[in-house]
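Going in written order, the chains are labelled A, B and C, and every chain counts its residues from 1.
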Amino acid sequence: MYRKGIMLLLSMLLLAGCWDERLYKNASVVTLVGVDGYIGAYKGYYAYPNTAAQQNEVIEADGISPRDVRNQANLKVEQTLDLSELSTILVSDQTVREPLYDILDIYFRDPQNPISIKIAVTEGDVKPFIELTKDLAGGAGGYYERFMESTEENTIFPKLDLQTVGSMLFEQTIDIALPYIQLSEDKKHAVAAGVALFSGQTFTGTILTPKQSLTMLLLMNQPSKQARMSYMWKHDGKSMPITADVIHIKRQWTVNEELKRIDMDYLIEVEIEEFAHDHLYKDPVFKEVQQLIQDHVQAEFEEVLRILQGQQSDTLGIGRYIRAYHPKMFQKDWHAVYASLQLVPSVQVKIIRTGVLR
Amino acid sequence: MDKVEYMIKSLQKAFYHSSDLTVRQIDWHEGDTAILCFYASLVDAKEVQKILDTIYARLDTEKPFWSETLLTTLDNFALPQAIERVCQGETLVILPDTGKMLTLAITNEVRRNLEEPNNEHILRGSHEGLVERADTNLTLIRKRVNNPALVVKSFTIGQQTNTKAYYLYMDGVIRPETLQEMEKRIADIKIDYFYSIGQLSDALEDSVLSPFPQLLNTEHPDRVVAHLVEGKIVVMTNISPSALIGPVTFFSFYQTPDDYNSRVVVGSFYKIVRLLSFVTAVFLPAFYIAVISFHFEVLPLELSNQVKNDVNDIPYRPLIEALILEIIMELIRESSIRLPQSVGQTIGIVGGLVIGDAIVSAGLVSNLMVIVVALTAISSYVVPSVELNSTIRMIRFPFMLLASLFGFLGIVVGVVILLIHLISLTSLKQPYFSPIVPFQPKAVYKIFLRWPFIRPTVQVTSFQPPKDEKGKNEDTP
Amino acid sequence: MNFSLSKAQFFLLLFIIQTGVVYIAFQTPLIIYSQHSAWYVFFLASIFHYGLLLFFERYYQFFFLNGFFRWVYLIYWLLITAVLIAYMGYVLASWVLPRTPEWIVVMMIVGLSLYANLVRPETIINIGVMLIPIIFLFVIFLMLAIPDLTWSNLFPVEWNNTRQIMAGMIHSMYAFFGIEMYLLYRPFLKQDLQVKGKPLLIYQLVIFFFYFISVVFTQMFFALEEVQLIPEPIMYILKSQEVNFVKRLDIFFIYIWLSWSIVTVMIYGLSLRVLYLSKKRKHPKRSIVFFHLLLAILPLFVMQFQRIEFIKNSIHYVLIVFTILLPMMIICWNKWRGKRVS
C-alpha cells in the first residue's frame, strides 16, 4: 500500500511536472526592442533572429502600454516572444518627453528580463533604427550593444545599463544622460550623436554633441579607455592639429555653502597622441601646447556646465555630493537649487607623456 | 565381505560415485593393505607418489614418527573428516588395520600468473595483481609487511561450498570496535553456495540498497597494504582476485596508488581534477537540460545564439535527447567490455565517430548534447574504482529527470537528497563521508591535496567530533 | 537526543540558523527605517548582539525550559519555520517559478527536512559544511558590484535622529533572529571546550562582516527611494551583474540561497526534535512526521503578497519577545530559583 502510494505520487509528478518549462527551441529570442509613442498609444518593435535565413525578423505592434504592445506582438509570431536575452532598448526622443520609468517598469518588474542591458534614445522614429538590423547576420541587439560599448570606450557615452539608469531615475540628486543615436546618411547604420540630457524623469530636448558629451564625462571624472581631444594649434601662420588623450583626472570640489558656489578644480593629465610639428622637448613649444589645451578645455567645461544648468540636468551628481557632505545646503526640490548654483570650473592640464617621440 | 572392500564401497557411496574419485586398494607395510582415496582432479599424482615412496622407506626403518613430514599427518580415521579432507584436495591413505588415516596435502595447483589488474591500471608503482588463490595473495601481502602484527584469520563461507576466506588486519593499528563489527558480520553470513565476491560484499555492507559502495574492491596488493596500515580490515577469498577493504570513506575511492607515486604537486593536481570530475559526471547533463528547458536566460548573448541555432530543429525534448545519447553511450560501453579487445576498438570508433556524427546530421540530437554527453562519459571514467564509476554513471539519470521536471530546483533537491544520504551513510558503522562528517576543518584539505607522505591516517570511527579539539581523531594512535 | 558538538560545528550551526533565509531580504526594512544611517545603526545593533551572546554564554545553564515554556518554544519555532518556508516559496514563485504550484515547492522543502530529520542528528549538524564554499561564492560575486557603488550614499552621518536609529535597531533584529538557539545547543557542546572570549568574538566578527557587507552594498547600490520597491536587494544586485560565462547570476544564487535556506529549515526541524525529545517520548518518529505535516500545511495559508508583507512588517516584534525578552526572563527566573540545565 505504502509503495503503491509512492508510485502513484511519482507518476503524478511525472505527468503533471514542468509547469515552468520554457523550451528554448520554442522561444523567439528578442534581442532588440524599440519603443515609440506615448501612454495609451504605444508602438513597439521587436527584432529577433531568424535562424533559418540568418537574418533578423522585426515585429511591429500597437498597444496601450508597453506590456500590451508585447501581447499584441505575440499574436504575430509563430513562437513566443521571449525577452530574457534582450540586450538593447531603443526609445524615440518623442517618447522620453514623458517620464521614462513608465516604459521601463515592465523590465524591472519581470524577473526574467535582464537589467544589465543598454538603453538609448533615437533621433526621430525608432522604426528605421530597428529595420536596419534586418540584414545583419549577427543579432540585432548585439549590434547596438557592441556599438554602444565601443562608443563608451571612446568616452562619448556614459557607462550605463538599465539598472544604473533605474537607480538614477529614482533619485532627485542626479540626472541621467542617455546615449543619443542618429541614422547615417545612407540609412544603413547608426551614428553616435552625443547624449540626451534628462531632467528628472523626462528628456529636456537638449542634446550634447559628442565633443560636449566627452567634456561632460571628463567633468564627471569618468574617462574611459580613450578620451581624445583634438585642437588646432596656430603657429607662425600655420595650423597644426594636436590630439591629446586623457590619462588621469584629479577632481576637487570646494563648496561654499553661503555663496552657493562650487569651485571645481580639475587636474587633467594627458598624453600627446598627434602633433606633427614635434619638438615637444623644447620648453616654449611644450608650454604653449599645454596652455592651448588647457584654455580649450576650460572653455568647454564652462560651456557644458552652462548648458547643464540651463537645462536643470544634474548629470554630474552634484546633488549627491551636496546631500552627502553638505546636508544643510541640500533641499528637497533640488533641480531649482541646482540651476541657481554658481559653478566655477578651473582646469589645469599637464602633459605627462608624448608617445614614443619627443 | 572383506573389511577393506566394505570400506571402499562405503567411501564410493559417500562421494556419490563421482568419476574423478579414485579409491583403490594398495599394499602397505608387511603384508597389510591400505586404501588410497583422492580426487584425481585435485591431486598432483607425481608428487604424491614421491612422498609415498619416502614414507615406504621410512616404514622399513621402523622409525616412530614415520608418518610426519611437512605435508603428511596421521590421524584416527573418521568418515566425515576423511570426506572433508578429500574435498579439500588432500590424498588419503586409510589403514584399516590400525584404524588410522594418513593424509597427504599435495594439491594440484591451478594458478594464473601474476598480472597487472585489468581494471585498475596505474602508471607507476607495483604492477603485481592479486590472483584467485588465497595463499599466493597472502604471500604478496606478507612480502610487503614483514611484521607479525599483520594478523591473518581464516574462515569459511558457504555452508555447502565451504570456500576458504581470510580477513587481515594490523594488530595495534586497527580499532577494536572495527574488528568486532567485522567479526560479527562475518559470523552472521548466511550463504549456502558461495561462488562470487559480490555475495560477500552484499553480506558485509551496511546498506546494500545504497548506490554507493561501502567496501573498497581492489586487486592491487600495494593498495591493500596501504589500507591495512591505516587500520582497515581486508577480506580475501580463495576464489576471487578482489580484496574487500573496509571501513572506507567516499574519498578513498578517488585515490589511486599513482597519487602517492607521483610528485606532491602533480599528485594533488590530479586528485583535484578527479574530484571535479565527480561534479561534471553527475551534474553536467542535468545542468544542460535545466538550462535548455528552463533557464536559458543565464546564457550570454553570443553563446545563446549558437545554442539556439543548434537546438532549434531538434524534434525531441531535451530529456529524451539526452537519454537517447546516454543509452547509446552505455550500449557502447557494455558491448566493448564483452567483445575481445581487437574488436572493442572498432566498436569505439563506430560508436563514437560514426553514430555520433550520423545522429547529429540526422537531426535527432544537437551537437551540444553530444559534447555534453561525451564530456560526462569521459569524466565518469576518471574515477579509479570500477564500482563507484558505475554508480556515478547511474545516479546522473535521476538528476536528469529532476532537472527536466523542475529545472535547477530539481537539481537542488537532488543534491540535498544525495548529501543527506552520503552524510548518513556508514561503512562498518563508521562515517562514510568523513572528514565532512564529523566536520574536521583541519582534515578537509587532505581530500583535495596529496600531502607529503609521512604517516598514514586512520579512519574516523564515530560520528561524534573528537574529544580534543586540537588532536584529530584520524591520526595514528 | 544524544549527540555532541565541536566548536566548529556549533558555530556553523548558529551561522546557518541566523543567516539562512533572511540574508537576501533583511536590508530593505532596515534601510527604509533608518535611511542613510542604516550602516552605522547596524553596527550598533551588532554590538548589542555581541552583548547578547556574551550574556547567553554566561548564563546558558539557567535556560531551563519547563513543560510550559517548552511548548511555547515548540509552537514558536514551528510557526517561525512555517513562515520561513512560506517566504521561501513566495520568493521562488516570484523570481523563478511562477507557474509551479506552491504546495509542490513547500512539499519539496518539507520533504527534504523530513528526510534529514529521520536519519541521525549528525547529518543535519554537518550538512552545513557543504554550504561554506557556496556562501563564499555569494560574497565573492557580490564584490562584482563594487564598480557600481555610490559611496556618497553612506553620508551624511547624523546621530541626532533618535527615532530613526531606534527603528533601525528594531529592524536589525531580522539579522539576528534564531539567536535563542544558542541556548538550546550550547549544552550539547563538548564539556571541556572553551567558547568564551576569542571563539565567540570571532563568530561575532564573521557574522557581522557577512551582514555588514550586504547592508553597505545595498545602501550604496540603490537609491533610497528605489530600495523601498525592492524586497530582495541582494538578489537584485546579483541580477544586475553580468560575468563572461553567465549572464544572469541571480538565477544561480536564488537556488544557492534556497539550498542554504533548506538547511536552515532542517536545523529548525532538528531544534524541534531536540526540544520535544528532551523528555522521553513514546513515538519519536511519529512526532517528527507530525511536525513536518504541520509544516507542509501551515505555509500554504501565508503565501500571498499581502500576508507576506504583513508578516514582514510585524514579525520583528515577535522576534524581540522570543529571542531577547523571554530567554532573559527565563534565565533570570531560573537563576533566582537556582535551577540549571543538567
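Of note:
Rule of thumb we're sticking to: a contact is a pair of C-beta atoms (placed from the backbone, for glycine too) under 8 Å apart; a residue touches a chain by one contact, two chains touch by 3 or more.
Small disclaimer: the values here were computed from a predicted structure and weren't measured.
Of all the chains shown, the one with its CA centroid nearest the global CA centroid is C. When chain centres are set by their Cα atoms, the one at the greatest distance from chain C is B.
Centroids of chain A and chain B (each the mean of its C-alpha atoms) stand 65 Å apart.
Chain C has its Cα centroid 40 Å from the Cα centroid of chain A.
Chain B and chain C have Cα centroids lying 46 Å from one another. Annotation for chain B: residues 297, 299, 301, 304, 406-407 touch two or more other chains. Among the residues of chain C, those touching two or more other chains are numbered 96-97, 100, 242, 247-248.
In chain A, 20, 84-85, 114 are the positions where the chain touches two or more neighbouring chains simultaneously.
Taken in their complex, chain B has these residues touching chain A: 292-294, 296-297, 299, 301-302, 304-305, 307-309, 311-314, 317-318, 404-407. Only residues 3-9, 12, 92, 96-97, 100, 105, 108, 112, 115-116, 119-120, 122-123, 125-127, 129-130, 190, 192-193, 242, 244-248, 251-252, 255, 258-259, 262 of chain C touch chain B when the two sit together in their complex. Contacts from chain A toward chain B in the complex involve residues 13-14, 17-18, 20-25, 27, 29, 31, 49, 51, 84-85, 87, 112, 114, 138-139, 141-142, 145. Remark: chain B residues 295, 297-301, 304, 406-409, 411-413, 415-417, 419-420, 423-424, 431, 436-441, 463-467, 469 touch chain C in the complex.
Of all residues in chain C, only 94-101, 148, 150, 152-156, 158, 221-226, 239-242, 247-248, 250 touch chain A in the complex they form.
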